[in-house]
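Remarks on the structure that follows.
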Amino acid sequence: MFESILLPDLLLLAFPFIVIGSRLFCDFRSAFPWRVANIGFILIFIMLNMIPLASGEGHFFIFNWRLDDFGVLMREVFMVSAILGIWLSKDYFEHGADGKPQMHQIAEYIGAIAFATFGAFTVVSACDLLTFFLGLEIATIPMYALTAWNKKDQMGSEAATKYILMGSVATAFELFGFSYLYGFSGSLFFNDIASAVATNSTSPLLWVSILFLFSGIGFKLTLFPFYTWAPDVYEGAPTPVTAVLSVTSKATAIAFLAVLVFGPLAAVQEQMSPLIALLAATTLLVGNLGALKQTRLRRFMAYSSISQAGYIMIALLGPAEIGKSAIVYYMFIYAVANYLAFFVFGIIGHHREETFASLRGLSKQNPALAIALAIAMFSLAGIPPLAGFFGKFHLFFAGATTGHYFLVAFAVINNVLALFYYIQLIKSAWIDEPEGTLSSLRLNRRQRLIIIMLSIAVVALGFVPFLSNNIFAGFTF
Amino acid sequence: MTLMNCLILAFILFGIGVWGLMRRRHLIGMLISIELMLNAANINFISFAYFSAKDSTAGALFSIFVIAVTACEMAIALAIIVSMYRRYHSLDVEQLRDLHD
Amino acid sequence: MTNELLFSYLILFLPLLAFVVNGLFLGQKSAKGAAAMGIIGNGIGAISAVLLAVSYLTSNVAPQKAVLFEFSFLPFKAISENLSGNIGFLVDPLSVMMLVVVTFISTLVNIYSVGYMRHDRSAGRFFALLSLFTFSMLGLVVATNLFQMFIFWELVGISSYMLIGFWYHKPSAVSASKQAFILTRFADSFFLMGIVLVSYVVGSFDFSTINALSMAPFYQETINIGIATVSKASALVLGSILIFVGGWGKSAMFPMHIWLPNAMEGPTPVSSIIHSATMVVAGVYLVARLFPFFAICENTLNLIMVVGAFTMVFAAVIACTQKDIKRILAYSTLSQLGYMMFSLGVCKIDSVVAVTGYTASTFHIFTHAFFKCSLFLIAGSVIHVVHTNDLDKMGGLGAKMPWTYWCALISILAISGVPPFSGFFSKDEILLAAFQGQHYIVFALALLTSGLTTFYMFRFFFLIFHGDSRSEHVRGHKIKEDFAMTLPIVVLALPAFLSGFMAKGLFAKFSVPSSLNIPQLVSLPEAKWIPFAAIGMAVVAFCTAWLFYASPKATIPAKMQQTLDETNRCGLYKLIYRKFYFDEMYYIFVRQFIFAGVARVCRFVQDYIIEGIVAFVVWFVHRLGDLVRYAQGGSLPFYLGTLIIGLLLWRFFGQLPL
Amino acid sequence: METVLFNLIWFLPLLAVLVCVPIPSTQIKTIKTIHVATESLILLLVGYLVYSMYTASGTPANSAAAPLLLHYFTDIPWLSMFNAHYIVGADALNILLLFLTAVIVWTGILVSWNIKGNQKVYFALIQLLATSVYGVFMSFDLVLFFVFYEMEALCMYLMIAGYGSGRKDYGGKKLTLTLALGSSMILATLFGFYFEGGIQSWSIVELSKVTLPMDFQMWAFPLLFMGFAVSSSLFPFHFWSPDGHSAAPTAVSMLAAGVMMKMGAYGCLRVAMFLMPEAAKIWLPYVVLLLIFNVVVGPFIAIRHKDLKYITAYSSISHLGLIFLGLAALTPVGLRGATLQMISHGFLTGLFFATIGMIYERTHTRDITQMGGIMRKMPFLGVGFVIAGFAGLGLPGFSGFIAESTIFIGAFSCESTWVRIVTILAILSITTTAVYILQTANRMLHGEMPAKYESLTDGSFREKLVIVILVLCLLFIGIFPTWISEFLDQSIAPIFENISRANITAIGG
């Protein structure tokens, strides 16, 4: 029984070695590892879907590996991100006209992604601080490597340097927080911590640790004011890495917070709510303000993802089931919409540099792409009937359940600001005339297929109640 | 030698790390300061394990894991810094100004 | 009374039918067909109107009012049970009289227009609009309640607008039509206000209800009319005044009179039917219709009297100096309207009401319609011949167009109140009423004005028809009077001559106290000497006019030259000739105050203040954005610093229980 | 059966879009035919439903819907997490607004037959817009309502940006963002209904039965009301409409002014006032002060403008002010007048923008000082414009007069001082309305014609059809107002009953 439900995790654990090993049986430019990865990831995703959702404690393996409903659903989010990530990366490893690909060593690349995903798995299935910490690190360290994947790329290495230096500092913060938490509760296990918190909820030790933990994870979730690395890293890293970064690492971070807030720290959620609310409000405001006048697409997406992080934080204020299901649902939607946007940017980026200017005349040149872009942007802006709106609605609902009307109101008003800059981007695709002649865009069949699929998903996942209802049903039997 | 002393020591160590991080312009130096901060955390774990905690093994275990993890983190960091050096032929952080608004 | 029902349907809907058919189908195809349609429709209407009148006046109902049909148009049950805007057909002596006049005249004018519009491209449209006007006017006349009255009131306004601006490529005509509509519209807004107020207080639009009111119950209850809280009685008085303002504008009483002379830009048949005979008396008709209601509202009638009397004199004075013959007639119309208006006003003797004025006024509506309409038609055919409106270019037409000449003489004698022509009787009544009402100043003014009337009408007459002709169109040519245009003139000459002593009996019989339920009515002694005074005035005025403009003495041509050329005018004459500069004042007010003043301020507020605030908000948000982006300098130490800053920030502002 | 048909109304346009997706843009004829066919079908459908509801007797079967006289009531669980339901239904008001929408969309598609740019996308967007508007006028669940309500922002921007004229980016952005601001104000208060209401439900029908706590109402009502009022361009938030309209293509102006601006007023009535009567009684007197600008200042601004679309936009602003006057009066007649004005102004402004668009297609300018005497060249369009103008200045025989007189009489019957004062001002301002309408008509249609317009042609059959349909609608309401008034009173009665349950005396009353 346990083995069967552990199968996905084990498979994923073994997966990097399989992929890298598959390099032995093919030449360096064949797409064989990629195919293997596809099959494997999709297999894992399917197996995850077959795991019966059990609310509450979930199943334990040995004593510190837990599969509860939140874990399983977040696993699915991570897998979706991984699959889309490798799909997006495929074109970058293909050998262009000059015979040189933009990126090398696809197998190792996929292995790194798989490692990161496994780290994320670990985070959501941990039930003691050590596993928790390890998961976070496993999820993060491959990202450093991925950021610097293009050794030739100066930007990439600068981005990676900034990323890893700040990341390690953040790790230090987390460790400090963990250590105080350990000192406070005298144990690493969440249950003991939870009971300790419940008994003595005002101990300074606890709160210092909470402060350090939030600061540390705030870095990974790009909360205010720990977000400063994000724009630079997003811009410097290769586009597919940026996409994976913006989804997987964010999902990991929010999962980390959700596990903490709804798990060991559940007893002090009430006292934490001002901090969470402030973090949410400031983050989404700053993210929106920063995105206003951007001209480079990936930097723009960085700010947009910062503000999205602010929105996600609102869900942490809600009660456990609602908050968790809101997070899961929103992460699904966010992953799909974000990847749609990055696919479009990637296709643009294959032919031009990734700026607003190179989007011009897109609606005339390739209407389908322009529509896909508009769908993605409006979804991120949270305009109904696109999925993004329903995702945000879930988050706001979670926040409003505990009566944070004014935070919700603030977030909602910020939506207007967000709409403003998303419209800026749509404008350059729909109104502006291109100056000079831009190289034409060629879409291969896979790209076309993926874009259509993702567009349909972004449109339909919202008002078609399938996803949302199933997720919610997972949390409440 | 009380818990409080150890905690204060750790905190000072952490502070030194932060200070160095702020002051240093040399990437390796910054990495070293980060190591200081991490080890401050380790001292916390050990001291808690020694003085107060119910299961004292956990703390020690944790610090060992931390050392291992930070080791590979540093490995990656150094690798990246090396590739940095290939580009800039120096390790001054002030040069990392190409990515900005 | 089934026939009456049939007649009523015919009267109302034949013109409507004519309008629809001409407007949609016949108009573009053939002007002749349109004309035939209009003539037939209005002709049958006229016949059935006469039949209706006969069968009503001979029936035992008369002079009580009867409602032939009435259906609910726009109910407001939620406010008051019987507050409902109905469409109905009211028959009483007044409405019957108007029905006959309107249909009869519109038929004649349709015939006349066949000749007048013969060479016009869009004659079809003309006939369509003419029928539309007739329909609206009839609907107004037979209104059973204020709401219906207002509906058709607006409709006559709009059809007058479209007919004045019929030649829409003539800028003067277009602006005149705009001015006419907007001025009357301005008055109508007060009318609507009055309707809203009165209907709210009374709880009904119905004339019979409103006219049957007694003030007594209204003194106690108070009502909040926005500005102040007053007793319902005074609210009713206010309402009556507001309603009267509607009539004030429609009948072009003094301050709002300027649109009527300018409206002469329209085709002459339009002037003859709308701006003399029918539409402009709508204001008088409104007051007559609500007479009992106005009578119980103290001071309303006095206001009406003052306005009417002043307009009467004012317009008559101006008419003496004008040179555009249609404007002369327009001012004369104004002055006659003033007669009708004030004769309704004089009825109030402190609390008692004498009915003479009411009778006189309605009677004058009747007679005036005929002779003034025929005068306009005559002016029309003269203009048709001479191709100008200017008196300077006329003269000596008497010999050339004998029919027109004699009919003109008849109508002018009628308007001058020379017995036995129709005008004499009605004007005599009015003077009597003024005298009986003990408003001696008004009486004196009226007497004087009748003299003025005679003077300017004969000036008009002599300068057109006598002397030697001053127009090259006429000199030496042989002029053939157009049959289609002469026939109506001749036909109209008969009532202009006869309607007086024929209808006098009718009016004396039917517009008696019993038909309008006013409690305390007095009938006062006749003053036998008034007619002679009037005739005396007329004779004197006639002689003056003759001396000035027609006497064969040698000095007179020189005098005529003197009076006719622009150069040597004394200041007063110029002042009057320029109509006391009222047009100029009006234009200054509208252009400088409304357009360049109020409207500009409003647009300034919109474009600079409101839009400015919007722009500022956008600018401010962008500055904040710059602030955020400024922080992204790319310096790693600063980024690392933010981690520490954040730590401290949330330590102090995170509201942690530390 | 009829319920199924009713639910088809919002779905059919989507279906049309889906059907058209695989068809290549080269066969634009077929695509257009499909869209027109769909909209005609919907038009017939709605017309039939109007008829059947008008002739229907007795209260509807569904017990939940019975007190509100909601026909075709459908209630299906939708999103389980915050138990949002798919609740649609219609009473007289809804069905008439749906009919208005059907007509405007249908004519809109006909008007933009030869629009420049990617027509396939354009018509798809129009259909999406139609879906959203239909949905708003059908839905009785707040979540569903809001989803449909904010959908239009998406289509609006794309259509203005892609197919507009002039400062299309500025205008489109201004319009979309201001509307988004409005809907965010709505969304901010929406959750309160669910949690403060005591019954955890989004259903308007259910919520109308509970009395929301006063402190919540006091801050939520102004936010909600203004949020809706934004899209009806009530005073502080009217600035989007002139620029938006002038930038938008003809059909979008028609839809925006004709239908979308009514969504706001409808929301004010159906959600804000209907669910929070107590707060409404307290706040509405102040709202009246706001609409002084719309009603009195708006026409004066229109006088100073030269651009046809600006003039029409400001005239819509003033007419919508009258809607709010009717609403704020809180009397049955006032409410009926407001709803009448919604419908009548829909047709009226649709006709306005349609004719303006057609004239603009020919003259390539909207500056009335450049035009003149074009009545001679295009009498049909000219007459259409004049009729729209006359209907706008409240000429009897057209629907405008019916609506306005009802509003005036209804508003004056309200005891509140401010309402009375504003009513008086509004009645006075019918003169100003006449001024700018006549001045526009005269400058444009009358007077001397510039030589360059000698070659202009009158409307094609398609355009004439559009004008005739709209004029017929105006005339029909204007000449037979009795049935529509009584029909509307059916749906006003329960609303007013619910509003008048509040026993708080209005300020100044």
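Here the chain labels run A, B, C and D in written order, and each chain numbers its own residues starting at 1.
Following the convention adopted for this analysis, a contact is a pair of C-beta atoms (placed from the backbone, for glycine too) under 8 Å apart; a residue touches a chain by one contact, two chains touch by 3 or more.
If you're wondering where the values come from, they're calculated on a predicted model, not measured in any experiment.
The fewest steps needed to get from subunit B to subunit D, moving only between touching chains, is 2. Of all chains, B has its CA centroid at the greatest distance from the CA centroid of subunit D. Between the chain pairs B-C and A-B, more C-beta pairs are in contact across A-B. Nearest to the overall CA centre, using the mean of each chain's CA atoms, is chain D. Note on chain placement: the centre of subunit B and the centre of subunit C lie 96 Å apart, centres being C-alpha means. Centres computed as Cα averages put subunit A at a distance of 26 Å from subunit B. Rounded to a whole number, the gap between the C-alpha centres of subunit A and subunit D is 42 angstrom.
Computed from the mean C-alpha positions, the centre of subunit C lies at a distance of 37 Å from the centre of subunit D.
Chain contacts: subunit C has residues 629, 632, 634, 636, 640 touching two or more partner chains. For subunit A, the set of residues touching two or more other chains reads 161-162, 165, 169, 231-232, 290. The set of subunit D residues that touch two or more partner chains is empty.
Of all possible chain pairings, those that touch are A-B, A-C, A-D, B-C, C-D.
Considering their complex, residues 128-130, 133-134, 137, 141, 144-145, 148, 151, 154-155, 157-162, 164-165, 168-169, 171-172, 175-176, 178-180, 182-183, 186-188, 192, 231-232, 235-236, 290, 299 of subunit A touch subunit B.
Here subunit C touches subunit B in the complex through residues 629-630, 632-637, 640-641, 644, going by the rule given at the top.
By the touch criterion given at the top, residues 621-622, 624-629, 631-632, 634, 636, 638-640, 642-643, 645-647, 649-651, 653-658 of subunit C touch subunit A in their complex. The residues of subunit B lying in touch with subunit C in their complex are 18, 21-22, 25, 30, 93-94, 96-101.
Here subunit D touches subunit A in the complex through residues 78-82, 118, 121, 143, 146-148, 150-151, 153-154, 157-158, 161-162, 168-169, 173, 176-177, 180-181, 184-185, 187-189, 191-192, 194-195, going by the rule given at the top.
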